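One structure below.
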Amino acid sequence: MQKKTKLQSNGSVLVVGGGLGGIRAALDLAEARKDVILVDKAPCIGGLMTQLDRTFPTNNCDLCTVAPFTAKDSRGGHLDMRGLTTVTAVKGKEGNFTVSLMTAPRFVNVEKCTACGECQRKYPECVSFAPGLDPRAPTCMRYPKATPYAYVIDMAKCADKEGLKQCCPVGAIETDALPKVEEAQCGSIILAAGAALFDPSHLDYFGYAAQPDVVTSLEYERILSASGPTGGKLLRPSNGQPPKKVAWIQCVGSRGLQKGAGAYCSSACCMFALKEAMVTRERFDSEIETTIFYMDMRAFGKDYEKYLNRAKEQYGVRLVHSRPHDVLRPVGMDKLQILYTVDEAPKHITEEFDMVVLSTGFKMNEDVKKLAEDLAVELYADGFPKTDCFNAVATSVPGVYVCGTLQGGKDIPETMTQASAASCLAGAKVAVTPRPKAELPAVTPECAGSPRVGVLVTLCDHESTALDTTALVEYAKSIPHVVCAAAFEAACDPSSFDAVKAAILANGVNRVVVAGSSPRYELEKYQAMLAPVGINKYLIEVANIREQAAWVHAGEPAAANAKAKQLVAMAVAGVMAAKPLADHVVPANKNALVVGGGVTGMTAALELAGQGAKVCLVEKTAELGGVARNLVKTIEGGDVQALIADLVEKTTSHPNIKVFTATEIVDHSGQVGLFRTGLSVNGAYKEIEHGATILATGATPNQPQAFLLGENSRVCTQLDLQKVVNEQPKEVKKWKNVVMIQCVGSRDADNPNCSRLCCQSSIKNALAILKENPNARIFVLYRDLRTYGRFEEYYQKARELGVIFVRYSVDNPPKVEAAGHYANVTFTDVIMGRQVVVSADCVGLSTGFVASRKSNEALAKVFGLPLTDDGYFAEMHVKLRPVDMDKAGFFVAGCAHSPKVIAENLTQARAAASRAMTVLANDTLVQEAKFAHVDRARCAACLVCVRACPFDVPQITVDDKGLGRSYIDPVKCHGCGTCAAECPAKAIQLNQFEDVQILSSLDQLLAKVNA
Amino acid sequence: MITAERKPLEELLGYIAPYSRILLLGCNECVTVCAAGGRKEVGLLASALKMAARKSGKELQIVEHTLERQCDPEYVEEVASMVAQADAVVSMACGCGVQQMAMRYAKPVFPALNTKFMGGSERQGVWDERCAGCGNCLLGVTGGICPIARCAKRLMNGPCGGSANGVCEITPDVPCAWHLIWERLEELGQTEDYLEIIPAKDWKTAQGGGPRKIIREDLAE
Amino acid sequence: MKSIYEYYAKWIREGKLKVSSDWNKERKVKFTIQDPCQIVRKTFGDPIADDLRYVIGKVVGEENIIEMTPNKSNNYCCGGGGGFLQSGFTEARRAYGKVKFDQIMETGADYCITGCHNCHAQVHDIGHHFGGHYSTVHIWTLICLSLGVLGPNERAYLGDDLKDVNVFHPESEH
Amino acid sequence: MEQFEPVIVAFCCHYCAYTAADTAGSQRLSYPVGVKIVRVPCTGKVDAKHLLTAFEKGADGVLVAGCLVGDCHFKDGNVKAARRVEFTKKYLEEIGIEAERLEMVRMSAGMGREFAETATAITEKIRALGPSPVKGKNCCCGKAA
Amino acid sequence: MKTNSNLEKVLAAGHLAVTAECGPPRGAMPDKVRERAAFLEGVCDAVNVTDNQTAMVRMSSLSASVIIKQAGFGLNPLLQMVSRDRNRLSMQADILGAYSLGIDTMLCLSGDHTKFGDHPNAMNVHDLDSIQMLQMVKGMRDEGKFQGGQDIKGDPPKMFIGAAANPFAGPNVQVRAMRLAKKVRAGADFIQTQCIFNVDKFEQWMEIVRKMGLHKQTAILAGVTPIKSVGAARYMQKKVPGMDVPQEIVDRMAATPKEKQPEEGIKICVEMMERIKKIEGVSGFHIMAIEWEEKVAEICEKAGLLPRPQL
């Protein structure tokens, strides 16, 4: 019998899919204090990313990076996570959906299961299931830190139910469990169930089905992964030997190339292959030759071009512009052969490789397609959902949103951005659910008792082969006051963490050193993890043995190990000197400041205002609309001017939005939840208070000095060209030859990154020209044509319509010369091996964007925010926090982050709004105990602190003894420590960085030197 | 406030050459405020002395301590046990503190500072001389600016011929005291006061009269 | 969409198409197979190539097939596709076809079986042009031959060695 | 004789140089193993005492790595740090330690390569200068070795 | 007549007085004193004998004055005394001695700061400032009392008392005139001014001085200096505090060929003297030809100040 219950939850958002996007969307909603139900058909959440070994462009291990997301479940009671659950039916409409959820039995009681693995050892056939290359990876967990952490039994395969039941030492196996069916009410639905990957089995010429050494890129990732089938060793599946030469073949299942392939570009595979090649050389053997056979290297994301350059220059990854014909293994041969040709010589080349990786693209998941169809969501022929051309996460059904690869192939940052955007829109449909906040753990005297230090070595073995974690643990144990030391197999393995917790409690540990990656990533996580076992968050120190030892000294294991030990000893010394502290709770301001009145800024402002936040929208110029005012249509045909008019109208009339045009930001102070910003409104000073800030300041259309731009009337930018096509169709009809040159002022020394939008914009213009004048001959001179995603289809259409695409190399750029009425463009056609001169009526330069460096620098200075080398605003984490900034409460969206097309800007705007709502939803905020404090008995009231403080915080006040002494308000203090450094009486100490902590660390660091 | 500056390390090293256990004693009063002899400076000097001594092959043991005030016998008394453990005391107090220590303890006491002047803070990290302690204050007739402390020639009746552009001929960093006085008198509408000749100064209230003493009968035992 | 190869194979397996390789038992004429790009690599993959081989094996005897390397889905293009045969540039077409020619020559086979007319024309042309000794024959020609229904006028592409094998004279039937 | 491997303490601002060092790590840009990082919230927190103590405890060189001018999260902590470094250099000279063993550098968070290069450059400079003259006598890498 | 000073007599007779300067040598070289003084024979009414000028140690002003007095040139030494080097005891002792040796004219100064001299480590005494010194000397002469209040035994030293004035220094010309008033009140019989190059400014000062009636209470001798070279002009313009050298003078020197510059300097000096002569309240000139004593006669000649009256 199926049990049918009704969930006691109104006004929830249903998130379908527990991959990275689903988790992000659910967490955003939960943090914004909205109820969420997160369902995934898999027994644990994490999705595709958890199978990856490392991600670009940081080449970090994903298991650690994703951990904070999966570990922090049930945020404030708003998040209801369900594994093994599918949506069986949906009724109703936006604001009032009724969904039927079916949860398959796990046959394991999650509460009881300790994941001891006994069942798996005794009944391996019944324990489900592991992905990847080999169905029996070392653990049957999907990845080592699965959430929830418990096994799943496949009862259908079980012949001995009773025996299985008995084998579990804690009685967690419930062989008679039944599926559970529930109904839930929800206001909106986010589909985040991801995509399937293209299966190349039927492409015999790649030999995937027949040759064990031909693998897909995900399989290769599993081979690289520590939790994969080879335990993190790179071995050939055919013979278990390490490979010497590995090749990647791009665009397998993408760009309409093969049978069954989508016409779109999967967008992520180029970077994925680059990453795999780099990791191969870096982590396994720098002697391994890595070759990528590609069509266009699509490194169009933020700073991706630099990553590509690093792959080529620093890692020596070989890139071959070719579409290989075959992958063969001639009889009797151990190696694979790839047959291919190159542009330069029309002869075929046979090259031998040990392994071939097929960079397989994304395709629509059939299950998801069915659900989408049930929801009556309109789909493309390839099964992916149709979305609005200005709102990539909105489907044809109101209240149903999509994000991540379910919407179309994409990488992690874009998935995260879309997830936040979807949660912004979905969240707007449901109300905040008030829930009591958990009390902050009290700072007790015990936590400051005689120091008993626990050392946790959390660096995964595979983070670097350079480090011997066992030896490090042994060493840690030998440090005085260290009462226990342990290693996590993987940084986020809950079972070993449970053991650690037990050890902490058993040994009466009151201070902890975490030896792992940078405290910039780790500290907050461990503070949260260790709070429940009574460790004060300020009695935790991180030894950065990953970045500072394992990684920088990867090539010198002895040095790396010695340094790691030293870093641990330093951290122990530091934590011994640390003091327990209590955080502050203060009321938060719930208004937002949006800087920049372009389409991105207006969209962000409207989303925030729609969710009840009061928004102050500041625009530098006198008019709203930004750079988009120069645009006519999107490539899909979206009317940009209508969009702007609509946004302006809504923005200016919204009661929650105050628009300040001709306004500059002049000063800024405070912190998240309590910002104070000074504006110069038409020259008059005005101060506003706000809790969060979104930067949407855009970027500047580039005007490089190249190809006679600005000198010859025939030469213009794509922006200008678009205008001409729109406004002077008669002129366009006269054109015989049009030449477009890509990457002008992008991907060069001055502006090393790709401007992302130029390839589609030239194709958009080419198509528009052909519409006016089908006889025009259009040449597009390009380096790599980066029509990612569905833009590929327009590329194809342009080719079909006769647009001629000619590849040029950066060493041999085209030349543009004035020739009377025309501009002569000279370029080399590689295929013909000839120089071609075209007398062009119009030369359209794809000049892209550059950062508004000057104004960004000024803003960055006022706000105290970092910029990238290129002058764009730097996000907190390029992968997982694409719109958050390093400074809490700051978010970035649109071209201020990096150049992108309008729809993407708007998605980012919504994502930033969603992230900002997670801040603005809070009535109070917790302030870290990062402030300076005065020992009033020592203070000489000398005023040095009063004068030194950059924020005028210290004051000489009279205390209860009547003494005038310095007082530093913890709420106002920014925690820079200047006063502490300058105090001549050493009466001031900065929490967390007290002199005794620094000096103890120094002592330890240099102990061996003077010994 | 009494201001002071650290002596060159070399001189201090000379003083303490025969000794290896040093009590380095700061003062939390004036010299702390003028960043010469507070806890922080004590810490710096201790490090510096140890390093410099180590360079010549000697390991110094330095005990660092800072008294609330080194010019009072009661405070000085507090360090008796520390002094007993030391071969010599290096005091980072002003001359008063050094002497207080020397009077109390039969151990060598060396000054680590050069006591400079009675002054005030001009801005962070800058102090200037304001009072010469002449014992007979003139400020009432000089617009509140002391020509004795602040005029290079202690002129009491007006600026010398070297006053130009508001600065003293000695160095452009120093304002001409009389220029300041004049501005101040103008501001106060008291320029007529300037015409009064201040007669020859009675220096016996100043150092000219030998060591001075103040006795408050009601307080003195 | 299905390929005729699949049906030939199906019909042979089902006994509907009664082919036999007996005619070649003694002769031991050697055949190699040109896998057409459009049918094999680009559409049906190795399974159709395997069907093709099954059919040919039944028609000429498995022991008389000599495979080219590479073959099936990895086979080289004959060099005549994509409209090349009709577009001029004969020299270039033949230059590309040289790869195929060399491949065929290496097998030492007497015949190259093609399943696609385009391939047939190109393989035939390069055989002549580069002075090859092989003949180029369509698969259906051999099926008919083996069935004994190939008339004397349908043997233009057969070599002299097979001109007189199983000749079908419809008029003599009467 | 083994090559002298200088020990260099690098006080790194959390917001820039420390992050730059992480960036160097994630880009696997190696820098000498003797460069040890002490994280501070701002170079404005770096006390002259910390600098002297580092030498006293046996550092061969000390690096203070802060944000680019104008980029300090706390307005001018990096400028104050630079003044303190100058002050400390004078102290060092009095002690008899070459002032160039102490250096203030500035970089942004993204400058991982610069961090590695700076760390390498200062190590080379200190290597040329030899071990710190105030290092303990028993030190394995002292002059006696 | 308050004193027997020749300068007093010349002034009392209504002549434009002329004083010149003679710096004692940095060694025990009486001949050098005489050699320099010889240039001034018959060209000035009194010879200022400087007192450790620019804070450099030289033969004492008193000794050099006596040497000049006894040299037989008929020169009247004008004893300069700075408060920098002596306290009030020492100064009074020297005044008694000087007067005993026939010196009857003196100039009370505070003196250049030791920082500029060859003993920068020396204490700057300044027991008295120049005004208090004037009061003291006047008290000795007119009341026969030491500064401490006790009576002077025998004849009090009858000094003709001079003081310096700098019309060009800070804070402003008004204060400079008021300071003059204080000096006059303290007992200055005559005043020698700082070198005048900016005659306009000097006129402004004199106007205030006249308004205060000071020119009637004291004799103002205008200080002039012949410039030797453009370099010297620039040096005085830029480096000497309280000196006001207008740009046109520097330019004029600069426009003159190097070898002609000394001549031009003297010409400028004389031109200025002609202008100054016309200013009401000016009672004479104080010619400061530093290390150029040989030119004083020529200047006086050209300025029409020779011969000097013999009274």
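As written, the chains take the letters A, B, C, D and E, and residue 1 is the first residue of each chain.
FYI, a residue touches a chain if its C-beta (ideal position, glycine included) is under 8 Å from a C-beta of that chain, and two chains touch if they have at least 3 such contacts.
Remember, predicted model here, so these are calculated numbers, not experimental data.
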Treat each pair of touching chains as one step and give the shortest count from chain C to chain E. 3
Can you give the shortest number of steps from chain B to chain C, where adjacent chains in the path must touch? 2
When I count C-beta pairs in contact, which pair ends up with more: A-D or A-B? A-D
Which chain maximises the distance between its CA centroid and that of chain B? C
Of all other chains, the one whose Cα centre sits farthest from chain D: C
Rounded Å distance, chain A centre to chain B centre (Cα mean): 61
Rounded to the nearest Å, the gap separating the Cα centres of chain A and chain C is 55
From the mean C-alpha coordinate of chain B to that of chain D, what's the distance rounded to whole Å? 35
Rounded Å distance, chain D centre to chain E centre (Cα mean): 62
Using the touch definition from the top, which residues of chain E touch two or more other chains? none
Touching two or more other chains - residue numbers and ranges from chain B: 40, 43
Which chain C residues touch at least two other chains? none
Chains touch in the following pairs A-B, A-C, A-D, B-D, B-E
Residue numbers of chain A touching chain B in their complex, please. 938, 940, 942-944, 947-948, 983-987
The residues of chain D that touch chain B in their complex are 47-49, 52-53, 55-56, 91, 94-97, 133-134, 136-137
Chain D touches which residues of chain A in the complex? 58-60, 282, 310, 314, 518-520, 544, 546-548, 551-556, 559-560, 562-563, 566-567, 570, 860-861, 864, 866-869, 874, 886-887, 930, 948, 950-951, 974-978, 980-982, 990, 992-993, 995, 998-999, 1001-1003, 1005-1007, 1009-1011
For the complex, which residues does chain B have touching chain A? 28-29, 32-33, 35, 38-41, 43, 66, 121, 123-124
Applying the document's contact rule, which stretches of chain C touch chain A when the two form their complex? 40-43, 45-46, 49, 69-70, 72-74, 76, 99
